[in-house]
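After this come two complexes, each holding chain A, first together with chain B and then together with chain C.
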Partner chain A sequence: MRTLIATFSLVLAALAVPAFADTPFTGKTGALTFTVDSGKSQIKFLSEAPAEKIPGTADGAGGEFKVADATAPGGTSGKIIIPVARMKTGNDMRDKHLQSAEWLNAAANPNITFDIERVEITKVDGNRASGKAHGKFTLNGKSVAKDMTIDIAYAADKNALKITSRFKVSLRDHDIKGKAGIVGAKVGEVIEVDATLYANSK
Partner chain B sequence: MTALACSLAASSAWALPRMSLTIGSRCSNCHVNPQGSGLRTDSGFYSTAQNGAITWEQVGWQKFHDMPDNQLADGRLTVGFDSRLQMARLGAPHWSDDGELVTPDRLVIPMQMAPALSVKITDWLSATGSYNVSTLQHSYLGQSPYDAWLQIKTSQEMPSLRVGMIQPTIGMRHDDHTMLLRRNPLNPGLPMIAPNWNELGAEVTYEGQHWISAEAGVFMANNLALSDSGAVKKGDLITSARLTLWPQLEDYGLNSWIGGSFLKAGDLTLVGSHIGLGKPYWGALQAEMVMTQTAANRDMLSWMIHASHPLKEWFVLEARYEKSTGSTSVANSNAEMTSLVAGVQFIPLPNVELRPEYRVLTTKDWKLAQWALQLHLWF
Partner chain C sequence: MKITAALLAIAAALNLVIWWAAAGASLFTQTQVMKTVVSKDDFGDMVAKNVWIDRFVPGLLDLSAPTAAGLIFVALVLGYLSRKDLFDVETGAH
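Presenting the complex of A and B:
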């Protein structure tokens, strides 16, 4: 009987371990809701064109997302919001230009958003994980489906997350034409984005 | 005498390399001339159109405030002008019979009144020119009253060609023609290279990658033979080249350039180098060096270091120190000049700049310290 119990326990443990091994939220169960720390999160972007390389930052990223089941984070959903007005390129007039109707049209579309529809975890190492966030990326009022590579680090003691992602945004995908002759010569057709988001659980 | 006076005291701005360093943008992004200076591109116009302590909107000129660019005819024409009025003690001090150093009177002179136009003839061919009306009143020996060129540019990635009356590209084209980099300490009354120096010739410019630019040109010496007649004769061939690397460390928000120049004209050989570092909202630090040698053993070495810091985008502190030494074995003479300039670039209204400066120019024989003021209007 003892052998049977021990065997049953081992089987249970073996079944249980993979369930937790697919998540960085070690030891957590149930739903987790995270709010993006606007003050700490940092987004950098880089436009690289033959005539000019323009680095920039986008402060004030916010939003919220919910991990429906900490043991299976695939069901994560939520929204990340980046205010266009907080985008800086190192020159005030260029920033105004960036927000104008020819470019990101901040008056009509004040935010860049990423609607997270699901998350796919491909690798877990303790409280760290990597994978992809699938969702809808909206810029200049136009949405496209996007799969973003993500790296996650979970601080269990603080119930806080650090998410990093590098992805590219095509201006053409979002109907951003700019002034004639500028895109491709002075502004890159594709913008590289390097995002570091910090989020705290409620 | 006018040329002597102007070269010793007055400043005149043509372009602002500090802007290039702080923004991390090449001169050609803001100026039609790839060297910088003069007529602004639509981007260049826009980048300063609303920069001022107060804006045109605040004084009721809404239409001027909202003007999107300086182009007409669906972008076929680009128009502009630069106008500068300089107040300074013009001329060299002299010793009176009583043994006292007499400083020259303070005068106000028009330095530049230059309308400019660029016409886009086809997608790959354009014609650009400007005429400095103030040269009708005074000009430097070797100064060209105008520049004019045809430019063939098929794309940003490909080299472009300019043909016409243009300035051979050497060093950085600074905003002050009194800089010692282009002066001759052995003959301080004349600039070795005159302001707005242009020659008839052709130059190829490559700016196909953001991290490198290169220029090479061939010209016929005419104006340089006037300003440096000891080394260059009319009709001498001028060859020039410049290579600049533009490293950007975006993780630190730093922009930089480093490069070298070469010019050969008649008996004159010039070698130069330039280096700069800038950061948005922080400012820029630049240094430049020029060495020249002639067949007659006239050697000169000039260098300068320049710092700028924007308290506001419309209020920029500036200072520079320069030194120039020269010697010639023929006359068995040597000379030295130093210059210290500290000032402010103040833009009370967009397209209006006031530049108060304090200048100290020292030679072996005299020292001239003075306040100067420049009013610059542009479009």
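Presenting the complex of A and C:
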């Protein structure tokens, strides 16, 4: 009888482990809501063209995302917002051009956004995980479906989250034409983005 | 007087090019330069954050080259205007 109970317990334990093994939110259950820490988060971008290499930053990223079920974070949704006005390249004139109607048209489209529709976790190692965030990336007012590779770290004691992602943005996909002859010569056709977002749970 | 001014304009143009090269040979003028600060975050990871520091770096295409070209042009005009003096000096030397 003891052997039977022990076996049954082991089977139950084995079944219980996978429920938490697919999530970095170890020990958490239910919904979690995170708000992006604008002060700590940073988006870096790089334009590489034959004539010029332009590195830049986009500070002030904000937004919120909700993990519907901490034990199964696939149902995560939310929105990341990056203000175009906070994009800098170290050249005041170029920054003004960047926000002009020919480029990102900050007056009409003040924010770059990523609407997270779902998250796919592919690997979990303790409170760290990696996977893909599927959603809609909007730049210059034009949205495209995007799958971003993400790495997640969760600090259970602070109930804080870090998300890092590297992805590329094609200017053509977002109808950014720029000044004639500039894209492809002085500005890269594809911009490399390196995002580090810190978020705290409410 | 004109010859002196022309020589000064050439010297200024040369200095400008040397300043541009010494300041980093940037294609476009930078009013701020990027500095990477590496620190350990709350998750125990080393992270690199880029910060901007106020520093003027002259650019080739939007400052150094046009200004140097303008100075060389001024020097050429001054040299042309003082061609008679130059000719006289050379004639006197011979």
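Here, the second predicted complex is superposed on the first by the 201 of 202 C-alpha atoms of A that agree within 3 Å, B and C clash if a C-alpha of one lies under 4 Å from a C-alpha of the other, contacts with A are read in each partner's own complex, and residues count from 1 in each chain.
Simple rule for what comes next: a contact is a pair of C-beta atoms (placed from the backbone, for glycine too) under 8 Å apart; a residue touches a chain by one contact, two chains touch by 3 or more.
Computed from a prediction, not measured in an experiment: that's the story for all the values here.
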Following the superposition defined at the top, how do chain B and chain C come out on chain A, clash or fit? clash
Counting only touches as set out at the top, which of chain B and chain C does A:Ala72 meet: first, second, both, neither? neither
On the A-aligned overlay, A:Val190 touches which partner chain: chain B = first, chain C = second, or both, or neither? neither
Should A:Ala180 be classified as contacting the first partner (chain B), the second (chain C), both, or neither? first
After lining up the shared chain so the two structures overlap, which partner does A:Pro50 touch, if you call chain B first and chain C second: first, second, both or neither? first
Tell me the contact category for A:Asp92 with respect to chain B and chain C: first, second, both or neither. both
Touched partner set for A:Gln42, first chain B, second chain C, both or neither: second
Output the chain A positions appearing in both contact lists, the one against chain B and the one against chain C. 44, 51-52, 55, 90-94
Over in the complex, which chain A residues touch chain C? Could you list them? 40, 42, 44, 51-52, 55, 57, 88, 90-94, 153, 155, 158, 160, 162, 196, 198
For chain B, which residues count as touching chain A in their complex? 22-26, 28-29, 42-43, 46-51, 75, 155-157, 207-211, 248, 250, 253, 280-281, 313
Partner chain A, residues of chain C touching it in the complex: 27-34, 41-43, 45, 47, 49-50, 52, 59, 62
Within the complex, which stretch of chain A touches chain B? 44, 46, 48-55, 90-94, 96-97, 179-180, 182, 184-186
